[in-house]
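Next come two complexes built around chain A: one with chain B, the other with chain C.
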Partner chain A sequence: MPLTSSDSTKEAEVSKSQTDRTMGGACEECAAKKKAQPLIAGGGIANGGQNQLAHSADAPGEPKIPSQQGDEAFHYSRRTVVSSIEKQGLRPGSYATPAGDLSPLQAQIDLALPPNRGLPDAVLRVDLAGLRKAGYEVPSVTQVRRAFNMPGGGYEMQFPYPIPPEFITVIRR
Partner chain B sequence: MLNVFERGLRAHSAKHFPTHWRVIGAAQMDQVVQFAIRRAREAGYRSERDGYLFHSLMLRFGSYFDSDPQYPWLGKALLDDTIGSPSERLGSAYDAAIKYLDKVAGPQGQHIGAAVHRLRGTVLHELRTARQADFQYLLNLAHITWPQKLALMGAQTLRSLAQSVIPLARASGLTTFGGASLYTIACFMFGHGLQRDPQFPWVRQTLSQGLCGDQAMKAFAQSFEAQLAALD
Partner chain C sequence: MNFDEFRRQMESYRKAVDDEAASLKDSYLALDRLHAVYRKFDLEERAMANKVLVEWALSEDENLRFDALALIDDLKIKDAKTALLQLASRLATSQTSSAPYELRKVKRIIADLDLV
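Presenting the complex of A and B:
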């Protein structure tokens, strides 16, 4: 996408001020491995960059398959309803997803949310471990199917019972 | 997991590209950063400075800016091996790109902001209901959407863009006039490699559902609208 609100002149200065060091450096895991292989220098692209390639995404944009029923799930909603959820919890039939790192746009697309309500700019964490401890059965995770002309493809769980506010934390509002 | 350089580039994106950061999201930006470095490496760039410049150009012009028919001057500047080293050419191309952006997007990004508004308010609705379309129709829509950009790129360049992306749109199910025009306008906004661009994963998701005709167009329009809403 084009620049939008970025301060292009300032950013340009910063980008151009970068050094002539080769791109790369190693991730911590690779760095640890390299200690045992001192002859393999660098790891930057000038040296082949095999280590970096090993960490690159196979297909950028491919939805990640989350682990089933972890200790937390995330409910994406609009900030206008956050205070109500904080007070009253989530209603029966509410959804949550194991993916807590979706942007509002990607949540809308991956979770096939109704587009006429606006982008889900708020994220709330649902404490699945706490629910289990309290005797609730945590629903299984299923893949989101296409709805409202949104492609879906993410993962979700639907709670048949109301989720009390003590199991909910606001992550982003 | 990101390496040291990738983490630096990621932090740079968060600081200097706040809109991209907000719209793309942190997790997806990791993929964009890794993709940028991979593409820069494949294009023969070596230094960290090259990586920063390449990544910045990707964010501003789309991930396939170097082959985008909308910016023939960029590709030409990068490939002209009679002038300087690849790094020097990238630096010069970057300077030219910043000047270009100041003209088409406005010093404060006001032109692109207005383009997003017009797309959401008028053009998207027009395209959803379009039954007949020819190049003149597309030209008018591009002019309504983002006149500053169209004035600089010219009608012939828009035609080149349409010719390069419409076959792909049709093959992906956007077989109606409105659908093909919609896809072209989306590429006009975000770059010609839209379907493969990790900055816009929704495009591939939307077009890989096996839909066709009006259904495909509606689905694409809905996701496109969500992208614009996120930018607005």
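Presenting the complex of A and C:
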């Protein structure tokens, strides 16, 4: 499967972080990266102000935070990991959003995904109804806050547990 | 480096890449990193890494088991088969919601390892 330019960048980062062949060296780099990441709360204007409006949930006619998670959610990801997700399921800590119709660019903006990880060109559906029926507790939906210079404003849920492949369908790879 | 030191380093490395993956909202990044570091190991290090992955596979922590199973599966670590059989027995009597699905995965991995 061809790698995108962003994947190449990531591969280069992986290679760089492991050049010294010690696991400890990579850990220091991880810690430094984490400290450098801006996490600024609030609405944004990069998408024409839509997200600022979305944050004003009390305004008439404005989008409200969904009160329920619905029966499905969508995980936006890199196409390079889709086959692994199909086999292993979604790793704990994964995010999903109720919005299944976002373009890769819109997903990056609305979900405040870091631009240096490349556009999320793959979409996977998570069967929330099935998870509930199987006894899983589905996490609540929250609004995405601004991060990585991305305005956010979309909605997301984070799964603290692994999601088995039985509950995942690939929509776009 | 003795095995205890190596185990601590692997635990520390996983914690770091897990934190990094969380901060970048890219949970699979942690697995990418773990795969990459395993491939850099020499034979002696791989033997120790396999022992650590077996311990992780038998952990009570479902999230730690997820990473261990993914690596054992992808890297076809045959040394882990006995531990996987033990895990399968445990999952078969577990009452957790995830147990039937994890058991199915473990059985598939064991079957795949038998083909290697």
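By definition in this document, the second predicted complex is superposed on the first by the 106 of 173 C-alpha atoms of A that agree within 3 Å, B and C clash if a C-alpha of one lies under 4 Å from a C-alpha of the other, contacts with A are read in each partner's own complex, and residues count from 1 in each chain.
The rule we apply is simple: a contact is a pair of C-beta atoms (placed from the backbone, for glycine too) under 8 Å apart; a residue touches a chain by one contact, two chains touch by 3 or more.
Keep in mind the model is a prediction, meaning the values are calculated, not measured.
K.L.:
Is A:Asn149 in contact with chain B, with chain C, with both, or with neither (first, second, both, neither)?
P.N.:
first
K.L.:
So in the superposed three-chain picture, is A:Gly135 touching just chain B, just chain C, both, or none of them (first/second/both/neither)?
P.N.:
second
K.L.:
Thinking of the overlay built on chain A, is A:Glu166 touched by chain B (first), by chain C (second), by both, or by neither?
P.N.:
The second partner, chain C, only.
K.L.:
On chain A, which partner's contacts cover more residues, chain B's or chain C's?
P.N.:
Here the partner covering more residues of chain A is B.
K.L.:
Taking the superposition as given, does A:Ile85 touch the first partner, chain B, the second, chain C, both, or neither?
P.N.:
Touch status of A:Ile85: second partner only.
K.L.:
Is A:Ser94 contacted by the first partner chain B, the second partner chain C, both or neither?
P.N.:
In the superposition, A:Ser94 contacts chain C only.
K.L.:
So which positions on chain A get touched by both chain B and chain C?
P.N.:
Residues 10, 14-15, 17-18, 21-24, 26-27, 30 of chain A touch both chain B and chain C.
K.L.:
Could you list, by residue number, the parts of chain A that touch chain C in their complex?
P.N.:
For this pair, the touching residues of chain A are 10, 14-15, 17-18, 21-24, 26-27, 30-31, 33-34, 37, 77-78, 81, 84-85, 87-95, 111-114, 117, 134-136, 160-162, 164-166.
K.L.:
Could you list, by residue number, the parts of chain C that touch chain A in their complex?
P.N.:
Checking each residue of chain C against chain A gives 9-10, 12-13, 15-33, 36-37, 40, 62-63, 66-67, 69-70, 73-74, 97-98, 101-102, 104-105.
K.L.:
Using the touch definition up top, name the residues of chain A that touch chain B in the complex.
P.N.:
1-12, 14-30, 43-46, 49, 51-53, 55-57, 60-64, 101-106, 108-110, 115, 118-119, 146, 148-151, 153
K.L.:
Inside the complex, what are the residues of chain B that reach chain A?
P.N.:
Touch residues, chain B against chain A: 1-6, 12, 16-20, 22-28, 30-32, 34-35, 37-38, 40-41, 45-53, 56, 59-62, 87, 91, 94-95, 98, 101-102, 104-105, 109, 112-113, 189-191, 198-202, 204-206, 208-209, 218-219, 221-223, 225-227, 229-231.
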